[in-house]
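The chains carry the letters A, B, C and D, assigned in the order they are written, with residues numbered from 1 in each.
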Amino acid sequence: MADEPKPPQSDSPKPEKPGGASTPPAALKPPAAPVTPPAAKPAPPPPKPPPPVQVPLDNELTRRYREHFGAAILDALEDRKQPYLVIDVANLSEIARYSRDEEKFDLLEDLTDVDWPRREKRFDLVAILYSFPHNTRLRLKMAVAENERPASLVELWPTSNWLEREIFDLFGIEFAGHPDLKRILLPDGWQGHPLRKDYDILLQDSAWVRENLGIESGQ
Amino acid sequence: MNPTVLTILHFLQTWWVELTCGVVIVAVVPLVAGYVVLLERKLMADMQARLGPMRVGPHGLLQPIADAVKLLIKEDIIPAESDKFIFWLAPVISMVAALTSMGAVAFGPAFQVARDINIGILFVLGVSSLGFLGIILGGWASNSHYSILGALRSTAQLVSYETAGGLAIISALLLSGTLKISAIVQAQYDQHAWFIFLAPVAGFIYLVASIAETNRAPFDLPEAESELVAGYMTEYSGFRWALYFLGEYANMIVVGSIATTLFLGGWLRPFPNVHWLNWLDFLPAVIIALVGVYCIYRAGKQPVKVQTGFMWAVALGCFAVAFVFAALWLLHLFHRFGVLIPLNLDFILPGLNGAFWFLLKVSGYIYVFMWLRFTLPRYRFDQLMHLGWYILIPLAIINVFAVGISMLLEANGVNRWIGMVLTTVLVLAAAVFLVRWHDQRTESASTASLTPDSYAG
Amino acid sequence: MPGFAKTSASKAVSKKGNLGNTLHDDALQNNGTLLGADELVLNMGPQHPSTHGVLRVKLKLDGERVRGTECVIGYLHRGVEKIAENRTYQQFAPYVDRMDYVAAISNGLGYCEAVEKLLNVEAPPRARVIRTILTELQRIASHLVWLGTHALDIGALTPLFYCMREREEILKVFEKYCGARLTTHAFRIGGLQYESYDGFEKDVERFCNDFERRIQEYVDLLTGNSIWIGRTRNVGVLNAADCIALGASGPILRAAGVKWDLRKAQPYASYDQYKFEIPVGTNGDTYDRYMVRIEEMRQSRLICLQAIEKIPEGAIMGKVGKVIKPPAGEIYHSIEAPKGILGYYIVSDATTQPYRVRVRPPSFINLQALDKMVRGHLVADVVAIIGTLDIVLGEVDR
Amino acid sequence: MLDSVLFYFFAGVAVIGAALVVTSRNAIHSAVFLITTLLATAGIFLQLRAEFLFIAQIILYVGGIMVLFIFVIMLVRLDVPLHHLRFRMKNLVVTVVIAVLGAEAGAIIYLARKLPGQGLFIQNMAPPDKLAPNSEKLAESLFSGYLLPFEIASVLLLVAMVGAVVMAKNKKRTEEES
């Protein structure tokens, strides 16, 4: 535990800048971070080339992770000076345990999800870890298919209990080994998962609303 | 004349004071309770940097009436699954008990319903404690978890604190040697001291116990709104709720009266035996007249005509009352100058004066209640029980012994005040010891992460 | 008298389930004993005076002792994260004010800074200092609301009104600055929309000078009060390890003895320019959390005083276009909101609307610690512990 | 006249209340009727100018014991087990009890018929306002003439109280151990 505040420093760890100036073309990006938006919004060509926002990362930390987990670390990237690892969801619990115990990322700051419906594995599960001793953050990012059941992190971090319930509620990802996986923000009998991209903002479970609230529409 | 009418007239002639007092208690106490509520809200507002009720009447003076009307015309809701008979009965019990117990309270040397009742103080205590039946039954009949928890807390609290309060009263009774209310006051006159000075610890214990018995903060757990919504009153509304409420405030007046009678010298004015302070007898008239003068002073500053008129009315009322109070003095003056007025008011006027002092002391006592309520946070239930059983009850028992010892010392020729100070110091030392011991106990209990059972005892 | 007979007879037939029955039938079925211990399930909320909004807690009680809890939340769920995906970056900014509505400015700061990071721009120094001042005032206001309601929950009526009196002064400053008091939308992406008004520094300074005395009033009323100590010491203890495991942050974490504050650890706005202390507790109980928050108000006051001394001149808006279209990518930015770590995870797909906005709400995550904190305590402590968590249901449910 | 009106009122309330206590099915209602009966009895005591008995009745029975009764009834549902415990020979037992009680009452009335001013009709009742206040006398007799029985009774109660506390403590301890 950080007894003393770390001296002020910038928001991210000090990873070595990638030595080569060779910025990879956007097309080479891993599937985890597609640059072409799946939504049907063709990005108009920007006036000047956008800054290279995602660059491969190769520092001590990522090397250690690669050493330990080899192929399970699919990629290590840095986006706006914030590092993240793209990992295989099958190895989630081992990597999380290693992060907590060996790398001292002792706080699971957040666990959330992003929906990319056009992708083969449509969900990006994102765990944001913070290390009190090193005052650094690390994101673990993993692609999850619609019927895949990632391992629950409740054993490691009790805080992920409600976070996983929220993801289950709003995205419909089931976590294997969660003690009490049920809806948290929406009522128990609700149909659908609102934060999926195919759930329109005007859509709602009208049957539920009619039945339980006695009104035609909640809008 | 018809013999029946004669009998009735004779009856009225003998009992008119008692009857008037009874009518006053039944008719006026609810109104007084309403104004006690207004006063409480005003005091609370003053302590909390705001104004309080200002809308109904000048400075909200008609607020209690508006509240009463609102409560009367409110829909009367009886929960579907409740026990309707008990639900109906419970608030009535509370109210009736509080008002009946007032019957034996002496509001001055002349004003008392049950005047020569030999066990007056016991009657007041016993009957006022019947009000708890209303609380328990009401909590049970509402068929709601909050209500029943409130009722359970209330019962446990009553059982605990009546013991301590009763033992504190015994200290005062030892000093007075009688249970008759007028005799208790007379004893304080004869002994040249209010009993609060002869048994200060007992007075303090009674203060704490009476706050707990009337469910006032910081002991207002049966109706703690942040925990149990409204406790036993949760399911009550409208006039039934008002009955509970009035019962509660009437109870405050009752415990204030008991404390005044036992510890604060009843209707005696300050220093009743010191003759050069006899001018204090005119103080009631002067004070009331001053209130009237203040009303006139404020009347000019009222923004609305109606309010100015109201202030004038209040002022005139004050002057009228002051005149009645001053009548004794004026009568004496007239006597001195040879004007004889064929009115024998010697009986009534000391009574009025006494009633003034009595009510002043009761108000002071209730003011302390309110002051504590706005200042202190609320106890937790186990802390309340611990305070009652581990500290107050042992202390009250010790205090009974101490008062007895000081009386023995006095009987054996030791100066009374020396004996009193000695025993009080001993009792206070015992109190310090008890508090220390209890603190250590709870400390060790909480480190063992198992706090003792809250209903222990 | 005849009424008695009638009612009792009809009652004998019609009375089925009064409370006693419902309580004790279970016991009879379970262990067949008359005096068997039963568990009572008490439903607190969503309409309850001290759940601070529409929180519903199911308490499993043994007597008055809590054996377990379950929080039911979502009554105020408005789908803020979904709304974000259908608004432009600027359009979404007012929505964040509606999450933690007693600390709207902090929410706005977090969001604006996150989007600025996503755009790779920085607000100019003047804007950052003014942001800091307003955010610290907001922290004081938020803590004042907490203190007042927490004290009220524990039965002290009066501090609430004193706290509201001081908060009023802060809200007046907000109103003068941006016209709104509660949901202010005070900041814009890239800086500020409004210059500080004339006399802004003077107002803040006057408030800060008065405030030291005011804090002393609360301290006099509560800190040494033995009932207050009795109600809060050793109540709802959460040690440092539990805090971190449960993700509890902010004053809760600091009360457990962890000297950690994002304003120091990873400074944002202009916090690196000011000197202030991080107050910490030792036991992690309710009393420590109270002390930490009181001290935080003092420190916030010091920050404000330092900041108004030198507000740099210059522009208040950075180089941000009318249309905000961040390059594709993602950002996570978190600030130290009054209630704990407030994080924004924003994914951009290079359009004018965010692809995904995730808010890490401190109240939501802190609330999760409730179960751990109340077990074994009494019902009255549940109220105290909900109060000490300082939750805002608008943020819990979003 | 007023005295007999009051007496018959109190006595009637007491009898009706007592009847309702045994006939009402709901334990809480029984308790309420019992309170009514006790209060009516207290009223009779007061009429007899036994003011200490009157207040003792109110404080101890109504204010103390009945509050505890209701407390227990609220916590422990008595109706349910009582239905199970209905015993078979109740008619026989009831008949025997009524017969014995009736015989006793008859015998008392018969034996008292010769005493002056007693018996079925009350004659020569002492004028109530002539009776001296008797709380002091009660205290005197309790603390002088009947001191030993009084002390024995109080010690007995103390033992009972200690016993109850010990039993409760033991139960708690075994629960904690298990």
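Basically, a contact is a pair of C-beta atoms (placed from the backbone, for glycine too) under 8 Å apart; a residue touches a chain by one contact, two chains touch by 3 or more.
Keep in mind the model is a prediction, meaning the values are calculated, not measured.
Once CA atoms are averaged chain by chain and compared with the all-protein CA average, the nearest chain turns out to be C. More C-beta pairs in contact connect the chains of B-C than those of the other pair, out of B-C and B-D.
Chain A and chain B, compared by their mean Cα positions, are separated by 66 Å. Centres computed as Cα averages put chain B at a distance of 42 Å from chain C. Averaged C-alpha coordinates give centres for chain C and chain D that are 59 Å from one another. Taking the mean of the C-alpha atoms as each chain's centre, chain B and chain D sit 31 Å apart. In chain D, the positions touching at least two other chains are 26, 29, 74-75. Across the assembly, chain C contributes residues 8, 11, 15, 20 that each touch 2 or more other chains. For chain B, residues touching at least two other chains, in rising order: 83, 85, 140-141, 148, 453.
Within the complex, the chain B residues that touch chain C are 44, 47-50, 81-85, 140-141, 143-146, 148-149, 217-218, 220-221, 224-229, 373-383, 446, 449-451, 453-455.
Against chain C, the residues of chain A that register as touching in their complex are 1-6, 8-11, 33, 35, 37, 39, 41, 43, 46, 50-51, 53-54, 79-80, 82, 106-110, 112, 114-115, 126, 128, 132, 135, 137, 139, 157-159, 161-163, 170, 183-187, 194-195, 197, 199, 201.
Looking at the complex, you find that chain C touches chain B at residues 7-8, 11, 15, 17-20, 40, 42-43, 48-50, 63-65, 151-158, 160-162, 165, 221-222, 225, 227-228, 230-231, 234, 376, 378-383. Residues 26, 28-29, 32, 35, 51-52, 54-55, 58-59, 62-63, 66-68, 70-71, 74-75, 133, 135, 172 of chain D are the ones that touch chain B when the two sit in their complex. By the touch rule above, chain B contacts chain D in their complex via residues 83, 85-86, 89, 117-119, 122-123, 125-127, 129-130, 132-133, 136-137, 140-141, 148, 151-152, 155, 158-159, 179, 453.
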